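Here subunit A shows up in two complexes: once beside subunit B, once beside subunit C.
Coming up: the complex of A and B.
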C-alpha cells in the first residue's frame, strides 16, 4: 500500500514471498505432482466446452447418448472412452465432470469457510457467552457422522446436485468454525491486538485487518485439503443415488451408472472395466491432486518448518 | 459536571480504582482502591513487583482491562485536549475510540509482539495516522491536488475505474511523508527504507522506536509506557529512555512510566508511586523516595537493589496470592514493623509531609 518500490520488482516483499514459495515447491517432487494435477483439472474444467462441445441446447452437463441399450460399449473411434449403461458418452462425462467437481468442491469449501470465519471469528474474538452459544451449535452438528447427516439433509431437500451442495455446506462449516475460533483465540492473545486497540481501532477493523490475516494460512491449507474430500463425499452421495440425476456429468453419478457391470461377465470380471475405471481414475486423481497440493502448502506455510 | 474533580494542573486522576479478575480459582483482587494522580507534563514512575497491578492499572486507564477482568469501582478522570474532563470508565465505546491512540497512547513491553508481523512498519504507523488524523491529511491532499490534476492523470480520473485514484495516490504520499518525518524524529537511520520494512527485519531497539512512533503519531496528551525497556540491551535501553524523555518534552506529553527498575525510575521520573498487591502504598517526588522512603515496602525495595560491596537484602516471603489477599494492610505478613493493628485495618493513603503520601500506620495512618 505504502510501497514506493515497483510492484513487480524483486524488492517487493510480496513478490519475494511468492518466489520463496515457488522455490520451496520445486524442491519437493510430490508438490509438483499435486500442483500439475490440479492445474490439469483446472484447464480441463475451463476448456470443457472446447474439448467436448455440447451437441444440444439442453443443460450442457447432461451427457449425450448414442442409444438406449443398457450394455456399456468399450472404447472405440466414435466414443474414445467407450459408453456406459444407457449409451452415455464417457469422454464427455469425465470432462464435464471436472467442471461439476469444481462447482461442488469450490462452492462448498468457499461457503463453509465464510460461515466458519463469521461464526468462529465472532466466538473467538468476543469469547464468553457468544463463544459458548456458537460453539455448542457447531458441536451439535459435529456430533453426527458427516456423511449420514448429509444424506439426511439431501433426503429432506430432495434429490439433486444443489441439494448435495447445500447439505455438504451444512455439514462442513463446523470444522472451519472450530479452526477459526482456535486461531482467533491464539491471535487475540497477541500483544499487537492489544496495541491495535490502544491505537483506537474498532473491533471490526481489528478482526479484519489484524486477526483474520494472521489466521489465514491454516485456513488455506484446510481448504485445499477439503476440496478433494468434499468432491469425494459428493461423489459418494451421487453413487448412493442421492445426487445428480441419471446422465448428469458427475463422476460419482457416472460410476453409479456402472454399478450393475462392476462384476463383469462370468469368466471375465473386467469385461466392462472402462465404465467404472475411467471415471474412477479421474475422481482419484482429482482428490489426490488436491491432497498433495494441500500437503505441500502445509509444508511451505507452516511457520515451524519455515526458515525464520 | 466533572470540572471540580481535577485540579487545575492535573491531567489524570485515578480514584479508588478496583479491578477484579473472575477466574476458575476464584476472584483475583488485582487492583484494590488504587489512587494516583498525574500532573500536566509530568512523568510519574510506577514501581512494584510483578503482579502488583501496575499494568492492569495502565490498561484500565484506556478502558482496556484485559479479560476476564472487571472494573468494580472507582473513577478515572482524564482531561481531554479540548479541556473537557471525562471519566474514562463511564465513556461509551465510540468515545473511547476517539481517545485511544489520539489522546492516550501506550508503549508496550515487547516491541516484537506489539507489531503485527504481516504489515510493514509504514502500514502500521499509517493505521494510527489514518484513524485519527484523516481530516488533516485530506486537507494536505487538497492543497496538492490542484497542481496534479493535469496530463495523463487528469485523463485517467475521468474513467470510472480510476475515479479518486489521484486522491488515493496523493494521500499515500502525504501519509508516507508524515511517517518518514516521524521516523526521523525517532532517530531511525535510513527512514525511507525502514518505512517498507517488516517488523522482523528490524532489531529490538528499532522495533521499540517504531512502537514509540505509533504511540506518538497523533501527539497524545498522555503516554502510558509499560516497561518499554525491560527487554532491551542496557545501551539500547539508555537510548530509548533518552528518546522518550526528549519527545515528551517536545510534545508536552504527560507520561506514566511503569517499571520495576529503580534505576530507570531515578533517571526519568518527577514523582514515584509505589504499588504493592494492587494498592498504591507510597507517592512522593523522586528525590524524596530515594532519600526518605517511609513505607516499609519501599524501604525493602530500595534495599533489595544490588550494590557492589554491600550485601543486598531480599524481601522475605512472596507476593501474596491475590485471590485471598492478607487482611488489613496487604504487606503486613512480610513487614518487619507489623503491628497487631495492621492485620485488622487497612491504612489509607495520606499526606505526611508536602507531596509525600504514604499508606502505613507507622506514619500517622488512621
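Coming up: the complex of A and C.
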C-alpha cells in the first residue's frame, strides 16, 4: 500500500502532514518564536566547540577559570559575560550549558519514551492481568511529586549527573506508559487491526507496523513539552547540589554559584548581576522555547482541535 | 444523595489501601539499594545505637530476604520510627514534625492565592478570547510555566532584599525570632502569623507576613499557569455549549450567563487539578524554602539530600507521598460531591 508511492512524492501522507504542520506553524507568531529559540539553542549546542573551544584536553564540559579568587568579575573584553564565583568563565559555561541541557533533556525523554512504548504497548495490547500489573506500577511512581522522588533516587544512587539522569528516567517513564497504553487501547479497537489479525499478522508486527505509527503524534507533543520540564527539574537538582559538580557547564549549577553574590556590594547592590542573570536567561529561554514549540505542536497535531 | 455515592465513596476509600502499600513498597525498594549497615540508620532512634550496628541488623533481620525486611520496616514506620537524621541530629519524625508548621504556613498563603489568581486570569482570558488581554495572560502563563523557580527566587531576592533592603530571607527577623523563643510569646500553632494574632502582637505579625511575601510570590508564579490554562480551556468548552445559547436566547444578561452558568461548570474541572497543584506546591517548597531560607520540611529535605542523609530524605519522600495520596482522595470525593453525574449516576 504505502510502498506504491515514493517517499518524497507530494502524495506521501507523511510528507503531506509535514507540509501541513509547517504551513500551520507559519500562521502562529508564538510558534515561530518557539521554533526560533529552539533552533538557536540547537545551533549553540552543535557549534559549542567552535564558539567556545575547550582549552585543554580535560572534560570539555568543565568551565575554564582565570584564577581562584571567589569574587565574580564583571563582563570585560577577556570574559565577555564576566566570571562567576571561582573565576569560571560564564560565556563558556552558558554555551556548553546548551549542550549539557540537550544531553540530559533528550536522553531522559528518549529513554522514558522507549520504556513507555514497551510497557504501555504491552499493557494496552494484551490488556487483562499484564495491563493491571503494569499500570499499578505506574500508579505507585505517579503517587509521588516527581522532583521529590527524583531526590530520593539521587540520594540512593549518589550525587552526580549520571544519577540525576537515571533518577529522572525512573520518574518520567510512567507518564509515557500511560499515554501509549491509552493510545494502544484506542487503536487496537479499530477495524484495520482486526483485519491485520485476520490475515495472520504476528502480534509484534501488528504492534510495530499498525498500532505504533498511529500513536506517534501524541507522543511527539508530550516529548516536546517534556524537554523543557526535564531540563528544569535537572537544573533544580543541580542547583541543590545533587547533580553537576562545581565548575560543570550546567545552567542550574552555574546559577547556584551566584547564590552568595545576590546582595552585591555596599552602594551597588547589583554589582554581580551578570552572575545570576546571564545563566538564568539562557535556562529560561531554552525552556520557554521548547514549551512554546510543544504548545504549537499540540494545537496543530491534536486530532480533536486540528483542521478547524 | 443516593446509595450510589456511598458505594463510590466506599470504593474510593478502599482504593487508598493498595496505593499506600505501593507508596511504602517503592520507598522500601529504595532502601534495598543500600547495604545492611547503611540501612540500619533507618531503624535507630539514637545515634549511640549505631555503635552496636550488628545488633540492629540482627534485630530487624536486615540481612534476610527483602520481603521479610519489608514487614519489620513497615512496622517501624507505622509506629512513627523513620530513623535518625544525621544532618539535624534528631529523629527524622521529630525533624519533620517541628518543621511542618513553616511549610504549612507557606502553603496556607500560597495555595489559595494561586487558585484565585489562576481562576480569575483563566476566566478573563476565556471571556476576552483573542483580545490583547487574552494574549497577555496566555503569555504570562507560558512564562510562569517556564521560569526556573530557583532562579525566580534569586532574582526576587536580589531585587527586593539586595536592592531595596526589604523582605529579608528567613521566617522572622532576628529580633522577632528571639522574642518567639522567650516564654513571653506563646507558640500555639507554630504558624507565626496565627500565633502573633493570638498573642496580640502586631509587630511580629507584620514581620512574619513580610517574610512570606517573596516565597508566596514565587510559589504562585510557578504554579498559577496550571490553574489558568485549565480554567481557560474549560471556560471555552462551556461557552460553546447549547445551554449558554439558550440562556442568552432567553435574554439573560451576559454577566449572569458567565458568572452563574459558565463559571460554575468550568470550576468543576479546576477541582480535579488540586491533586496536581499539591504536587507542584510540595516540589516547589523544596526549592522555595531553600532559596529563602524558610526552614520548613522542604528546606530540611534539600539540606539532608546534599549531605546524603538517607533516612531524612526517604522519610520526607514518604510524607509527601502520603500527603499527595490524601490530597488525591479528597479531590475525588469532592469531585463526586460536586459533579452530579458521579453523585447520582
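Operating definition for what follows: the second predicted complex is superposed on the first by the 291 of 308 C-alpha atoms of A that agree within 3 Å, B and C clash if a C-alpha of one lies under 4 Å from a C-alpha of the other, contacts with A are read in each partner's own complex, and residues count from 1 in each chain.
Throughout what follows, contacts are C-beta pairs under 8 Å (C-beta built on N, C-alpha and C of every residue); 3 or more make two chains touch, one makes a residue touch a chain.
On a predicted model such as this, the values are computed, not experimentally measured, just so you know.
Of the two partner chains, subunit B is the only one touched by A:127; subunit C is not. When the two structures are aligned on the shared chain, A:160 is found in touch with neither subunit B nor subunit C.
By the touch criterion stated above, A:75 is placed in contact with neither subunit B nor subunit C. Shared-chain residue A:86: touches no atom of subunit B or subunit C. Touched residues of subunit A were counted for both subunit B and subunit C, and C has more of them.
Touch criterion met: A:196 reaches subunit B, while subunit C stays clear of it. Of the two partner chains placed by superposition, only subunit C is touched by A:292; subunit B is not. Touch criterion met: A:241 reaches subunit C, while subunit B stays clear of it. In the superposition on chain A, contact of A:210 is made with subunit B only, not with subunit C.
Contacts from subunit A toward subunit B in the complex involve residues 1-5, 13, 127-128, 190-192, 194-202, 209-210, 213-214, 308.
Residue ranges of subunit B in contact with subunit A, taken from their complex: 59, 62, 64, 66-67, 96-102, 105-106, 108-110, 113-118, 120, 122-123, 126-128, 131-132, 172, 175-176, 179, 192, 195-196, 198, 200, 211, 214-215. Put simply, subunit C touches subunit A in their complex at residues 18-19, 22-23, 25-27, 30, 33-34, 139, 142-143, 145-151, 154-155, 157-158, 161-163, 278-280, 282-283, 286-287, 290, 301-302, 305-306, 308-310, 313-314, 316-317, 320-321, 324-325. Only residues 30, 136, 139-141, 143-149, 151-159, 228, 232, 235-236, 239-242, 252, 255-256, 258-259, 262-264, 269-270, 273, 276-277, 280, 283-284, 287-288, 291-292, 295 of subunit A touch subunit C when the two sit together in their complex.
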